[in-house]
Amino acid sequence: MRKAKDYFFQSLLWLSAIITIATLCIIVGFIFYKGIHLINLDFIFGDYSPSGGGGILPMIVTTIYTIVISLLIATPIGILAAVYLQEYAKQGRLIRIIRFATESLTGIPSIIYGLFGAVFFVTVLKMGMSIIAASLTLTIIVLPVIIRTTEEALKTVPLTYREGSLALGTTKLQTLYKVILPSAMPGILSGIILSIGRIVGESAAIFLTAGTVAAMPENIFSSARTLTVHSFLVTQEAGDIELAAAVGIVLIVIILILNLSATFISKKLNKADY
Amino acid sequence: MPNHSNEELVSQIESSNKRKYFLEKLSEKVFLFCSLLSVISLLLIIGFVFYKGTHPFFAEGYSFIEFIFGLDWVPSEDKFGILPMIVASIFATIGALIIGVPIGLFTAIFLAEIAPKSIARIISPAVQLLAGIPSVLYGVFGLAIIVPFLQNHLGLAKGQSLIAVILVLAIMMLPTIVTVAETSIRAVPKTYREGSLALGASPIGTIFKVVVPAAKSGIMAAIVLGLGRAIGETMAVILVAGNSLVLPTSLTDSIRPLTTNIALEMGYAFGTHQEMLFATGIVLFSFILILNLVLAKIGSKGGK
Amino acid sequence: MNTTKMDRNKGNEQQIQNKISVNDLNLFYGEKQALFSISIDIREKGVTALIGPSGCGKSTFLRTLNRMNDLIDGVKISGDIVIDNENIYRSNDVIKLRTKVGMVFQKPNLFPMSIYDNVAYGPRMQGIKSKKVLNQLVEDSLKSAAIWDEVKDRLKSSALGLSGGQQQRVCIARAIAMKPEVILMDEPTSALDPISTLKVEELIANMKKDYTIVIVTHNMQQAARVSDKTAFFLNGEIIEYANTETIFSMPKDQRTEDYVTGRFG
């Protein structure tokens, strides 16, 4: 009897694993199967042509814009916020409020961020549907990610480093940038990489704040579309699955590279710590 | 003992300490301000969404009850009822949970406890990678494969349906659930297993009676994260939902969940219509809050 | 040899006997009192050992002397600590205090940097940039800490590659590089093997002519070997404070005797 039960559960585990792995393989396989024949240098570095056959350079450029702008803002703010929470703040109400706010931001779905961005940045601050409006919205989306990962990284820096430095008559600020931040750097970098992944994968919030213009953005105040939004729009508007899949390949490769670099960095972290 | 630079050291120390204390105070203020920015952002977001979303009910005489329980959404005729969308969101989320959670958890258990190391070492990172790919791609896959499949095999007029949404969301949740749950199962100390095995429990029995309960909080976190991904998903859902405004009564009905309603209409909505989309956002907000509370309840009950 | 200290003391014609004067010091961690009315005078240039069972407040007391307890939330202090006629809890210049009062910790805590950078860290943070000055300072400090010969060929390699005993001596060099007058040591050899311990003890014996050293130790023989005066702590109080020989050969208090003869603790 017990044997039979064990056997049943064992089969259930195997079956589930097979379903998961098969499904995920099929998805990746499908995207590559549909899209790979479109991938070439012209596709990646060519300008978009609405009549079809063009490249996706404008979307790549737009994606890079959004990554760079939102990280330029979110990274320093997020790191310093985490530093405050971990290194300066005394336990108390203020800290609980800040923590609560940061956690809550993590839980808000991106469509709500999109709603907010579409009114606050696009309309109230008169940025219009633009790369800058989308990037600022993304800044708020990745801020809690950077704060959380930086906090985790700071927690791994031994207390003895702080004591050792302060006992030498240095200030907290000196200790911070000479000892603590350098030691926490690998963890902070993984947080930044995680954020890039989040930005690249984001669609709803960007859709509502950057608009859908399929052309090379002139500047950060232009409306434009990112790779992910492009993949969505060509599917929805034109039913062009192959094009969407080709863009999907580019996206998967980007995510792969990001993951590999995160792994690489965390390996380095472990080695540096011995 | 040589004595070079001693005077220099002493004088420099004394002259520069004042500046250091000033910088110390200043930097703490700057850091505090940075950490307050997340509070400010949250207040801004909630403030805007709630201000905009409640305006029609407080200032324009719309009935909140009619909004929640109304069956018709026809902005041009000033009809704003979102019951079909609420029902669609609930059905889609629960359906995705029913399919995605057990498969995801069992896969996580398999990878952490049963799979040969060499296999787990390849599959785990691959699954992790899939947790990171843009969800839109799951929608593209759904539209290209799942929707036609349903259309042909269930004889539907239109494959875009509640069941298609459920499948896409369930698939999309899988990598998140597997990755997070696997990590927490692996974190269960070896001694737990050894204790149970020493008492004569079978390996499988040990997994379900000892290891899984010990990893409970991590597993709950996995479910909450997967759920968060499913419930907030918008663009992938648009592609496979069909977006009809009818109250769903069967798995094969075309649906329009709350999220897609916002994304589809925000582009051209203005005035009351736009405010009603914010009101839809508030409902989505509350929905997520309630689901998280329920899950937290279930989680704490299971622990006893 | 020791012009440093002479310079600083000029103007004080009659030799100051006491470097540190502690009067009625009480310390609380939140509600919990850890030090009870501590009064002790610590002599200049020499080694003062703090002994006592673990948890009796030795580290806590030691860390009041360079205000390291300031880092801990909820610590309240009353009483006076006077170093060189300056009440250190009245003056708010902790930077100055900590450059004057160095510290060596229980476990070596070098930073993940090169040996050179570790030793030069403190002086650099004080604004010393000159390569020549730094080079000389690093060399002198490492020599004073009796580790120069072992590391002079690998100054630029990571300090964390050294053995525990070597690391602890570099920690001492790092403290010396600040040209402190007082060095606090909190069980500096408890993480080291016997041979490294001996080296550090030798070093301490050599250093005491230049520095005022206060050392916490668990090891009675060590206290007997290296210190001139010994204070016996019990439950946050000083039970007895006298010349080391006295403490170990004819203690006045029964509890001291019980402790030094190994009857408890």
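For clarity, chains are labelled A, B and C in written order, and residue numbers in each chain start from 1.
Just so it is clear, a residue touches a chain if its C-beta (ideal position, glycine included) is under 8 Å from a C-beta of that chain, and two chains touch if they have at least 3 such contacts.
The structure presented is a predicted model; accordingly, all values stated were derived computationally and were not measured.
With chains as nodes and touching pairs as edges, the resulting graph is complete, every pair of chains being joined.
Ranked by how close its C-alpha mean sits to the mean of all protein C-alpha atoms, the top chain is A. More C-beta pairs in contact connect the chains of A-C than those of the other pair, out of B-C and A-C. Centroids of chain A and chain B (each the mean of its C-alpha atoms) stand 15 Å apart. If you average the CA atoms of chain B and of chain C, the two centres end up 53 Å from each other.
The distance from the centre of chain A to the centre of chain C, each centre being the mean of the chain's C-alpha atoms, comes to 48 Å.
Within chain A, residues 169, 171, 174 each touch two or more of the remaining chains.
For chain B, the set of residues that touch two or more other chains comprises 13, 20-21. Multi-chain contact residues of chain C (touching two or more other chains) are listed as 95-96, 99, 126. Contacts from chain C toward chain B in the complex involve residues 1-4, 7, 92-93, 95-96, 99, 123, 126-128, 130, 133, 136-137, 140, 144, 179, 210. Within the complex formed with chain B, the chain A residues making contact are 2, 5-6, 9-10, 12-17, 19-21, 23-24, 26-28, 30-31, 34, 76-78, 80-85, 88-89, 97-98, 101-102, 104-105, 107-116, 118-120, 140, 143-144, 147, 169, 171-174, 197, 200-204, 207-208, 228-229, 231-232, 235-236, 241, 244-245, 248, 251-252, 255-256, 258-259, 263. Those residues of chain A lying in contact with chain C across their complex are 90-91, 158, 160-171, 174, 178-179, 182-183, 272-274. Taken in their complex, chain B has these residues touching chain C: 1-6, 8-9, 12-14, 16-17, 20-21.
Contact residues of chain C toward chain A in the complex are 66, 68, 71, 73, 94-99, 102-103, 105, 107, 109-112, 121-122, 125-126, 160, 171, 174-175, 178.
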